[in-house]
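Take this structure, written in structure tokens, and hold onto it; I'll ask about it next.
Chain naming follows the written order as A, B, C, D and E, and within any one chain the residues start at number 1.
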Amino acid sequence: MSAQLELKHINKNFGGLRVINDLSFVAQPGQITSLIGPNGAGKTTLLNLISGIYQPDDGDILFDGVSIVGLEPHEITQRGIARTFQTLRLFLNMSIIENVMSASFSRAQMNLIDIVFRTPRFRREEQRLRNEAEEKLGFFGSRLVGYRFDQPAYSLSYANRRRLEIARAMMTNPKILLLDEPAAGMNPNETLEVTALIGQLRDEAGYTIILIEHDMSVVGGISDHVIVLDHGEKIAEGDFEDVVTDERVVEAYLGRKSS
Amino acid sequence: QDVPEGEVSLAVLGPFTGPVASIGEEILNWSQLAVDDFNERTGWNVTIVEGDTELDPAKGVLAAEAVIANENVFGATGPAGSQVVAATAAMFEAANLVHVSASATDPSLTQDGTTTFFRVVPTDAVQGPTDANFLANDLGVTRLFIIDDQSTYSVGLSDQVEAAFPGEIVGRESITQDDSDFSALVTRIRNEDVEAIFFPGQIASQGAVLAQQLAEQGVDVIFMGADGFFSPEDFVEGAGGATEGAYVSFFAPDIHNLESSADVVARYTDRFGDFGAFGPPAYAAATVVLEAMERAFEANGELTREGVLAEVANTNQETTILGIPLSFDENGDVAGGGFSIFQIQDGEFVFVTSVNIGSDEE
Amino acid sequence: MNGHDKSATPLLRLTDVNTYYGQIHILQDVNLEVYPGELVCLLGGNASGKSTTLKTILGLVTPASGTVEFAGEEVQHRSTSYRIERGMAVVPENRRIFADMSVDENLQMGAYLRNDKAEIEQDRERVLELFPRLRERLNQLGGTLSGGEQQMLAMGRALMSRPRLILMDEPSMGLAPLLVEQNFQIIREINEQGTTIFMVEQNANMALSIADRGYVLQTGRIVLEDVAENLLQNEQLRKAYLGR
Amino acid sequence: MDNFFAQLPQQIINGLTLGAVYALIALGYSMVYGILQLLNFAHGDVFMIGAFIGFGIMSAMLSTSAPSVIIIALMIVAAMIGCGVLGVVIERFAYRPLRNAPRIAPLISALGVSFFLQNVIQLTLSARFRTYQTAQLIPGSIGVDLGTARLSGVRALVIIVAFLLMFLLQYLVRRSKLGRAMRAVATDKDAAAMMGVDVDRVIMATFFVGSALAGAAGVLNGLVFFRIWHFMGFNAGLKGFTAAVVGGIGNVPGAMFGGFFLGFAETFAVGFLSPTFKDVIAFVVLIAVLLIRPRGLLGARLVQKV
Amino acid sequence: MTEQRIGTDEWVEQHEARLATQSELRELVYGFGEQLPLWGRLGLLLLIGLFVPVLTSNPFHIRIAATIALMATLGVGLNVVVGYAGLLDLGFVAFYGIGAYAYAYLSSDFTGVHLPTLLTIPLITVLGAVVGFLLGLPSLRLVGDYLAIVTLAFGQIFVQLMTSLTRVDLSWVPFLTTDGPVNLTRGPNGIIELDSISIFGFVADTLTENYIIRLVVLILVLLFVHHLNNSRLGRAWRAMREDELAAEAMGMPTRLLKLQAFAIGAAIAALAGTLFAAEQKAVFPANFDVTLLITLYGVVVLGGLGSLPGVLLGAVIMIAVPEILRDIELASLLFYVGSVVALIGLIKPRRLVGLLLLNVAIIGLLVQVIAESIWPDSLAELPSVASVFPEFSVSIRFVTAIIDSLPEIVTSIVRNWLAIPVGNQELIGNIALAILIVLILIASRIKQTTQLLITLVPTMYLLALVWEIRLSGQESVTRLIFVGVVLIVLMIYRPHGLLGTQRIEIV
């Protein structure tokens, strides 16, 4: 099995502040790789580097063996890496369904002529995308399905916005899905639900997933591989069980009395 | 006396709002005076319909259309700017509505066979050579700097002077009518060997500002302007003495000192305050149209646009408020006429010389 | 942490509050009280209207009907800043850090209404002790902090105003496990020092374990109200929210 | 080259004067923008009103025997207060109701205000040009000759007053609590309210200060460039906007810098290149500057944390 | 406490029930519009448009309609850039100018080139797109208002160049023999005597013909833009407007999208420019200055940013309102009716409006009586009310005559009711105006009804006085004051535009 995503000796500074320090890891296809670590360890920064929003100062990022460093974010997304944001970034004034459909931009099969003359191809394609979007939204069961999809996204509550973001990311048809704290703001029950869903994404849709999460019940439940960051460095790596018992991880992250 | 039935209106087109509303306002006030004088004399009840062109040809077209559509309008004065005249002339032509401009001086306007357009002011083609000759021959200027204010009037006149001036044109530059800071230009002029500046601006206060800034930097050159600067209040008082000695060319005598017009001037200043160069011609233009209405009504017993148009062409006034006779040639331009040149001496416009059209051209 | 004195006037009371967003009816006849010195928590599923309740209390949205009383005074028509002046403070949803002000300036904003320089300095020290991470980042712009760091800053900022009542919207969201526990510890300490707390929290187990009382909100209505121990035992609730 | 150096000292004085006026206008523009992200297109008209207030005071006082210093001080102070109040009133009635509207909606009500002010002034005071009797206040003989250049008394006054006001403002924004509140409101109004900042008051204060500066600019402009009229605010507003943006909009030192930059750009364009293409040259320079520094000369790098 | 299953969320089931019903202008228009398919809506528009020349042969009315059609076309183009893509483009008018000047160069004696219209129009449209694209390139680095200033500069530069490129030295251009400097633009005098549009031998010479061409183009442009907006392109633009970074991260090439928006907007503007130039048969730099830009922003914002019906409504308001106000009598009528409508909106128990008006009437008469007895000579003589009534003849003409003279009747009644001073009306009017503005400002701050009513009585009196002795005498100025007030009031009344949807900017 060759690595789907490989980071090689990545460095990133902000001003004088070293946020990522010579970091390397690989994510295997069809697996969930979890990134955990204290606040400010550099997890989100890492996602930004992978998705092209920041450029690494050093090092290389390989996607299916090809370097994606220097590509624009939309090009990276078109190649098959989609993400969600820790601080949500929905298109708030667009409807729910449009939020999802907009993410299919680069793979919609239509050109200007189709659009202007409303050719059959255009109609077919629009219908197909709409169905697909509804299907992605349907993924969250009754949580989102019942909403009228033509409502604006701002009318959603916090957690539902998170779900919508995931659906939107899925709409780009990614191979790799980068999820930044998908369970934040959800209660234990809902967290279980999300955990199950993410598992499903891997098992049924076959996504490779990189997951950032502070909730150990999520991480523990579904991770195939766990990487612990602290101060931009990898301090531990391995199965969940191994990692959580690691002395340094407990010290820096979990605390003695964790459940 | 007989009075036509129904409402009778004179349309006045000009820039009544916006950056050069000062011009429009003066035109409007003098037109109002003309109408009031006419009503008093004849017992008619003519009213004014305003057509605000905002000096934009596109707006001018709408304004013109509005007055053309107004059935009570039997004659019009304006539009003020040559470019607005150019944009609207065909509409007036189609509606057979006469319009007499008091300030559009682009020579080409009367050249394309329109029958409804007249003007009471001579064109740039006449004034340009006059001014150039005066500068070169009477004042002995050999090195001239020309500034225009980018209005059709100013650019046109500057072009004519530039072409006719026998000496060297040291510089030809444009400023805009919004500008009030010419100090950088003055500094530049100071560093070039310039004998005279010719600035035919439309807005007298702008000339005053330039003169003041020339004085501030101690630049001592001959300063000459044209019609627009013929304003005691703005160009003389407003300049605080800086325009003393400056020359202004104007197509008529100074109506402030004209005995025959003293009465009108007094009534105007009583009512509206002091005035510049745009008002009196507007009064003359309005009078031309109003008297044509009167004659047309007398002749036909009814008022029609065609009748008024025909009578405007027949205009033959011995004298006008401007102190000169007025009649039109076949193109609608003033027949005859000439230019006077004034100098500001002790805060007054003092007549220096005059040139009659056709007599002094080379 | 004993039960409140029902005879005292509540510090905060909502009576028959109805709130709309545009044309959508969100809060429906919400009634709740918080007594001085209490730690009350508001539970509810996603979208049940918890944040809306806090916004109504703060005056960020105006209720169409009903009253909001703070310290015996009706404030539903008062501006947010007025309410803050009367002694509220808030740890808002989404943190609402001032992005282009430094961490230090953000903390100073918390003490905006205070003029006692020396004591502000003391409180600042205390906050920086509680969150040593913030001390490291004192001159960094608020907007460039990581999610968790911002959450700490939001907490610290609220503490800086020495409020009578702190409203917290999910104060532990995005915090690392170690910090979550610390955070609850801090909340409890503040409460024990006399500050009244009204808290929205998804981490219901933890929240209830330190709270005096709790309300459960569902689809814009209060469906359950009880002391914390009872809520923790409530069968329905445990199934619905507590995840076990 | 000779010509260049012969002109340079005087052109610097010219640029400084023009820049001072632009800077004061730009400050108000920038402050309001900084706090509300609102392009206050009525700002130029506030400037115009300031010029008229100053003119009114001057006309009334010139016949008295009051010393020039007093008259000028009174003109500036009255214009500042008058315009400050006007700014607050405009905010209250034309902008506050639009606080939560799309960003460019207040643009339209700003234009409405601009139409209103311009034309009410034309209606009541006529469209006639008025001239400041500067020579009677500060005789032309006052001034210093610096080599080939002359710094007249008015210009010195304009430059000094402008700098004084700018330093005061800088102090206000940097040192006082109001300054911090203004920045907080600028970043996030609701969050600022949650800290107890009375957002409406802070916005009012901003409008007051910004408009007062425009009022002062109006008087100074009148003193040094003499003529005023109802439409003068239009161009001034455009220039102020330009200067504010070039400096980095929303940024107080930036606005000052931008004002002087624009003043110099225009002056040098006239002096050394072509008066006819003054605006073209100035604008081309501006475009070039912005392409090199997309957030203006002193604009801060935008905080972009994802 | 109702019995509910805890943990379930009933928002969905209850959604409809929770929607408070509220009649909305927007709903009204859309409610009707949504019943019709797109072609139906556009067809209806065409029908209404074509009906104008049938209904009136008054060229002024047709000219207004033609101007509206043109401004709406421009508005639709601007809407793509500003409304959809969220780019604050203040140089838009320059593209319009480029289109117009390009037409002038390709169809006049000035250059001696007379291309057939069927060739010029596509050529110029493409030219517009190309220039838009090119201007977009440097703009990619700029955001928000930095973009605004650069585009504004572009617009200004265009006008300045058209005004000043009158003496250009072209001797350096190879293969070009010129004697002396060349006049490229004829400066402020503009390029005149342009060809009319002619398609397959049909020459659009008259205003009406040009109007119909504009109408057809407007509808085609609407169709085009509507289709764009309801496709992946429109979605992407709106996404980009909401959050550029997120859009980029979701696979949308934001740079390209911006350029496309610029180019499409510019192409539409250039197309409109050709139509304009061909009808005016001339182009002048003054046609393309900032005032037009202001009008266009009014067009797109008043109706509701991003809404195509909004653009149409905006164009109607921005063009028709000032034109209607040209007629001072009509303006008078509007003024009084508007004041009363404002009162009805302002005062909550509606019946109090009647009471207020009664009071105002009484006060007016009282003032009249008092003034007449104290200063019998200081009041102006007035027309008797009867004299303005049309002659009594029992026919249909009577009704139309009434309607026609309604403004006069109202004015006459008001003038008889007011005590109008003779003498320095200007000064009195100015003072009254100052007091009036202060009173209005005060009145708008008063919450208590009684106090409000008391303040409003003198306010209304002054309102009438100021109008009669000051405002109505200066048509053109008053018209713009009126326009200013209308803009402010409309924006306050509907901050999101008349047909716009409520949008939230930050959360």
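Note that in this section contacts are C-beta pairs under 8 Å (C-beta built on N, C-alpha and C of every residue); 3 or more make two chains touch, one makes a residue touch a chain.
No experiment lies behind these values; they were computed from the predicted model shown.
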Could you run down the chains that neighbour subunit B and subunit E together?
D
Chain at the geometric heart of the assembly (C-alpha centres):
E
Farthest from subunit C in C-alpha centre terms, which chain would that be?
B
Contact counts by the stated rule: is the higher one at D-E or A-C?
D-E
Give, as an integer number of Å, the spacing between the C-alpha centres of subunit D and subunit C.
44
Please tell me the distance, in whole Å, between the geometric centres of subunit A and subunit D computed from their C-alpha atoms.
48
Distance between the CA centroids of subunit B and subunit C (whole Å) is 74
Taking each chain's centre as the mean of its CA atoms, how far is subunit B from subunit D in angstrom?
35
Would you please write down the residue numbers of subunit A that are in contact with two or more other chains?
44, 53, 85, 87, 89, 189
Of all residues in subunit E, the ones touching two or more other chains
7, 11, 15, 164, 245, 477, 480, 503-504, 507
Quick check on subunit C: which residues sit in contact with 2+ other chains?
24, 45-48, 94, 144-145, 239-241
The residues of subunit A that touch subunit E in their complex are 51, 53, 72-74, 77-78, 82-83, 85, 89-94, 98-99, 101-108, 110, 112, 115-116, 118, 122, 126, 129, 142, 146-148, 154, 168-169, 171-172, 189
Of subunit E, residues touching subunit D in the complex
82, 88, 138, 141-143, 145-146, 148-150, 152-154, 156-157, 160-161, 164, 245, 290, 294, 297-298, 301-302, 305, 430, 433, 441, 444, 470-471, 474, 477-478, 480-481, 483-488, 491-492, 495-497, 500, 503-506
Which residues, counting only subunit E, touch subunit A once they are in their complex?
7, 11-13, 15, 224, 227-228, 231-233, 235-236, 238-239, 242-243, 245-254, 503-504, 507
Contact set on subunit C toward subunit A in their complex:
21, 24, 43, 45-48, 51, 93-94, 133, 137, 140, 144-149, 151-152, 170, 173-182, 202-205, 239-244
Note which residues of subunit B are touching subunit E in the complex, please.
16-18, 21, 24, 50, 52, 54-58, 61-63, 65-66, 68-69, 82-83, 86-87, 90-91, 106, 108, 112, 150-152, 155-156, 172, 174
